[in-house]
Amino acid sequence: MAHVEMSPTAIAEKKSYLDLGLTEAEYDRFTELIGHQPNDTEIGLASGMWSEHCAYKYSKPILRQFWTKNERVLMGPGEGAGVIDIGEGKAVVFKAESHNHPSAVEPYEGAATGVGGIIRDIFSIGAKPVAMLDSLAFGDLNQPHTQHLVDRIVAGIGGYGNAIGIPTVGGETNFDGSYTRNPLVNAMCVGIMDKDQIQKGKAAGVGNALIYVGAKTGRDGINGASFASSEFSDDEAADRSAVQVGDPFMEKLLMDACLEITQQHQQALVGIQDMGAAGLVSSSVEMAGKANSGMALDLDLIPQREANMTPFEIMLSESQERMLLCVRAGFEQEVLDVFAAYDLDAAVVGHVIDGHQYKLYHHGKLVCDVPVSSLTDDAPVYEQEAKIPEHLANPAPDFDPIVTDPVATWKAMMAMPTIADKSSLYRRYDAQVQTNTVVLPGSDAAVIRVRGTHRALAMTTDSKGRYLYLDPQVGAAMSVAEAARNLVASGAEPLGITDCLNFGDPTKPEAFYELAEAAKGIIQATKAFNAPVISGNVSLYNETNGHAIYPTPMIGMVGLIEDLSTITTAAFKHADDLIYLVGETHGDFNGSELQKLQTGGVSGRLFDFDLEAEQTNQAFVLSAIRQHLVTAAHDLSDGGLLVALAEMGFANGLGAKIKVTLPTSWGFSETQGRFLMTVAPENQAAFEALNGPAKLIGHVQAAPEFDVTTVSHHFSVALGQLQTAFEEALPWYMNQKA
Amino acid sequence: MFKAKVYVTYKPSVLDPKAEVIKTALSRMDYHNVADVLYGKYFELKLSGTEAAVRKQVDTICDQLLANVNMETYRFDLEPITEDEA
Amino acid sequence: MKAAVISFPGSNCDLDLQWAVQQIAGADCELIKQDQTDLSSYDVVMVPGGFSYGDYLRSGAIARFSPVMTALKDFADAGGYVLGVCNGFQILTEAGLLPGALQWNRDLNFICEPVTLTVDRADTAFSNQYQVGEQLTLPIAHGEGNYYADPETLAALEANGQVVFRYADNPNGSVHDIAGVTNAAGNVLGMMPHPERAVEALLGGTDGLGVFHSLIQQTKGADIRGAR
Amino acid sequence: MFKAKVYVTYKPSVLDPKAEVIKTALSRMDYHNVADVLYGKYFELKLSGTEAAVRKQVDTICDQLLANVNMETYRFDLEPITEDEA
């Protein structure tokens, strides 16, 4: 579908900018900013750069409030990714990105190119990507459409990550009806670098060159940024033009070559940035904007895959696997030679110029002449109206579960898709390439050692859409807390977070309310855990035919383990180890998996969250682990105590005998801030001397059986029965016919 | 009984990394007279039914299963075969 | 022992192999590129895992046209030891240095998980540190690891005792549960599981170290750091 | 100038997992009149040279690159094309 050019007057008269997602007011504002009637190219650039995806016009007022800096943060939001000091001269770089819309349209390539995009963000900072995580949310798994999405999205993530050679070490997979038509595909990449080699995406110094490298530009994914900034309807499912095919082989070459330049040709390099949303225009104009420079590009020099591309198409194409570099004058050949050695297409395509204009030439004609700031800093920002949604203003009555057959409920809970074993999915990811993965998927956080140091990094992603649906602020704080809890259970101290804010249409007051409230919760919790937001991404308009997803901020958190010997996993290690429950348990069921199991959905007022208790408990667990008093630790999350207990037993086939002074149903309560830990009998005294919020509830046993006493029941079940329910659920669902 | 021969290839605007790599290999084999490479999938299905019904069915199978119409196009030929050939 | 690892464009386990041989097994190991044409200074040449040239046509199909492959063939013909792991195995079969071919896994999915192997031969250059019948746990990570050879080839492989490792619980549909196989002369081994991923206790096990220690033993000279 | 249409398929003795998956999918779509499925790769190459030379060259390209003759077979058709079509 080629783009047909229109004259400036025709654009004004026919209001063709409306089709590009710009309003009349925005058109007028842009005309005023640039001082003339925009031509076809200029209006196209504005539509890309003023989309939510690039300009954050609805979310900026929210994002500004995030807490983004502490003593360890070397670089916060604003660049390709954030950077945190991890000691011994090293830094960790991480960011997450959503590819929800592309994956809904074309699951394999949408997911694959999402992975490719986030990897470019990491190596553009100068860091070697060492790990990937994927956070996925789907509709109910008994739908054939969902089964298809799960299969293809998982294939796409693996297809890219496995080929490029970055291990996918963790993530999450959640299922809820609200995601049926809007699956969430959020990918997170983590990189490691020497802390004195941080690169920025800037183009400074008049006369310095802009070098384009990577895949040739084609007509694929034109104006995907503004596509991602609108809602879906049934008609648009048939709009199939915005699809790109990922090329991990090309990206591997690009990554290796760019890292060679950032590490060995620093004197040549001024700035480097990947071409993501809104392709060439966003990367180039942002690089100029950050350095307050002017810029001129000659579009005839852009490597092109197709004939007769218009300036609009060249600038807004989202062809994958491309980077833009600003290179000091005189060093162009040195950089081109590096790329040539990797068999990559590279070309000088423009220069930094005097002044502040952004100029594009095509076939010798000036086709765009606008102030750089008209596309960057001067893009509109809107303060939206917020209104509390009806189901929050008048919540349904509390849910009070009745559990009469504890073993049957326990088995059914283990088989709930969100709880059930995900190994049939993550076994399709290479989790070990680069040989640094200490803790593989299947425990709490994944752990990667940092070569050349004594340290390791733990990482996790967590999102709790169900909780946010019932209370966006508290639910968001719980999402951050759960991420921290996963790290702590692995022996790590939280360093910082990245997020993907997956929400509905921000122009609807109810959806904006959810976004604004969620941000408040994130701010409270990130401060509480000393984990600032160093990067992130916003995905709005996750709606189909007017139905929004649950508000779902995805929290990607990275933590530091200073001593490799304190890495801890969730699996029981030895019979007779003592089992402790950390934290108080209440009857917390609104929003829980048990409510979903018994009623088919979630409703009511979300249960309370004691952030202070959560902090205290986490600090206690981490200190006990660091004193080598803990043989296994697992946080309590979906499905609560009994689910966590069973999971701890599976890996080594060890059972447990416990006694709790709680009603049976409370065994599935989802009260926050809790852990299960095991302690070797010889360390009991030392552990109890810590006087922490831990209660001895039983012990690990060699017999593969769980034996549980509550205030109302005494029951036991073979480990194998629970494990079968846990392991076979996903494969069984995936083979179901409608 | 019919035999359907189905050809599935990328749409022209979609970058095909596979074809690119094959071109590279051919030039390494010193074949410089190869101007262009197209890479696709090929299927043969044997189906029973009337020609019109089979044609419609193959079209649906292509659209929904054999081709990914987000980035691929397909075409097919039908030829009648006898039961023996099937 | 002096070893080399060939880095093809798209190889991604090259550094892992080098790390295992050099830092862990303690032998000399260099990385070389696909355009190298002289391998005469090495005792062992390794072809690593990954996705050479994207594996876009068939895994290993394009890599075999690299200049280094001609040199590798000469090297193998002259009795040099060649180890291909995963994509390396695929490349060696495509190049005709090993019999058979690697097809899509039975369930068509990529599989990454630890598998149990049984050692069939403990008298090869690659397995002399193991015992016949010994069980090893090594990770696999591949989409096309389903070994295929036609019946005559298979019969010859078995008759000559060329199968070195077999899967205890076949994960991918390989004929005769073959996980690792040599050429008739016994100086070229291809295996789908990754020995270089099982050389450090921190990362979950050291069962793969024996492959590298075997080569060191076979080529003598170098001292073995840290016994198995 | 010639266009070579190349078909690469598994040897009959090799079980093709991809074809099996397609068969399963077809039966899930409730198409029970599909008797047989063959899955393969399809290539189009454009080459210059005399017919005999091109034929020989395409055969070599198939044998060495496009097919793995340990498990696959290939066949191809050549058709002359004009420079414009190339």
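Think of it as A, B, C and D in the order they're written, each chain with its own count starting at 1.
One rule holds for everything that comes next: contacts are C-beta pairs under 8 Å (C-beta built on N, C-alpha and C of every residue); 3 or more make two chains touch, one makes a residue touch a chain.
Just so you know, these numbers come straight off a predicted model, no measurement behind them.
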Shared interface partners, meaning chains that touch chain A and chain B: C
Winner on C-beta contact pairs when C-D is weighed against A-C: A-C
Separation of mean Cα positions, chain D and chain B [Å, integer]: 9
Centre distance in Å when chain A and chain D are each reduced to the mean of their C-alpha atoms: 41
Inter-chain centre distance, chain C versus chain D - centres from mean C-alpha coordinates, in Å: 31
Approximate Å spacing (C-alpha centroids) for the pair chain A, chain C: 36
Two or more partner chains touched - positions in chain B: 17, 21-22, 24-25, 29, 39
Interface hub residues of chain A, defined as touching at least two other chains: 247, 249-250, 343
Per-residue multi-chain contacts in chain C, two or more chains: 53-54, 56-57, 61-62, 65
Touch-based graph of the chains, sorted into line, ring, star, complete or other: other
In the complex with chain A, residue positions of chain C that touch it: 9-10, 12-13, 15-16, 19-20, 49-51, 53-56, 109-113, 139, 141, 143, 194, 196-197, 200, 202-204
Footprint of chain A on chain B - complex, ascending: 10, 12-17, 21, 24, 68-71
Residue ranges of chain B touching chain D (in the complex, touch as defined): 1, 7-9, 22, 25-26, 29, 31, 33-49, 57, 61, 64-66, 86
Chain C residues within the chain D interface of the complex: 57-58, 61-62, 65, 93-94, 99-101, 103-108, 146, 148-150, 173
Complex interface listing, chain B residues touching chain C: 17-18, 21-22, 24-25, 28-29, 39
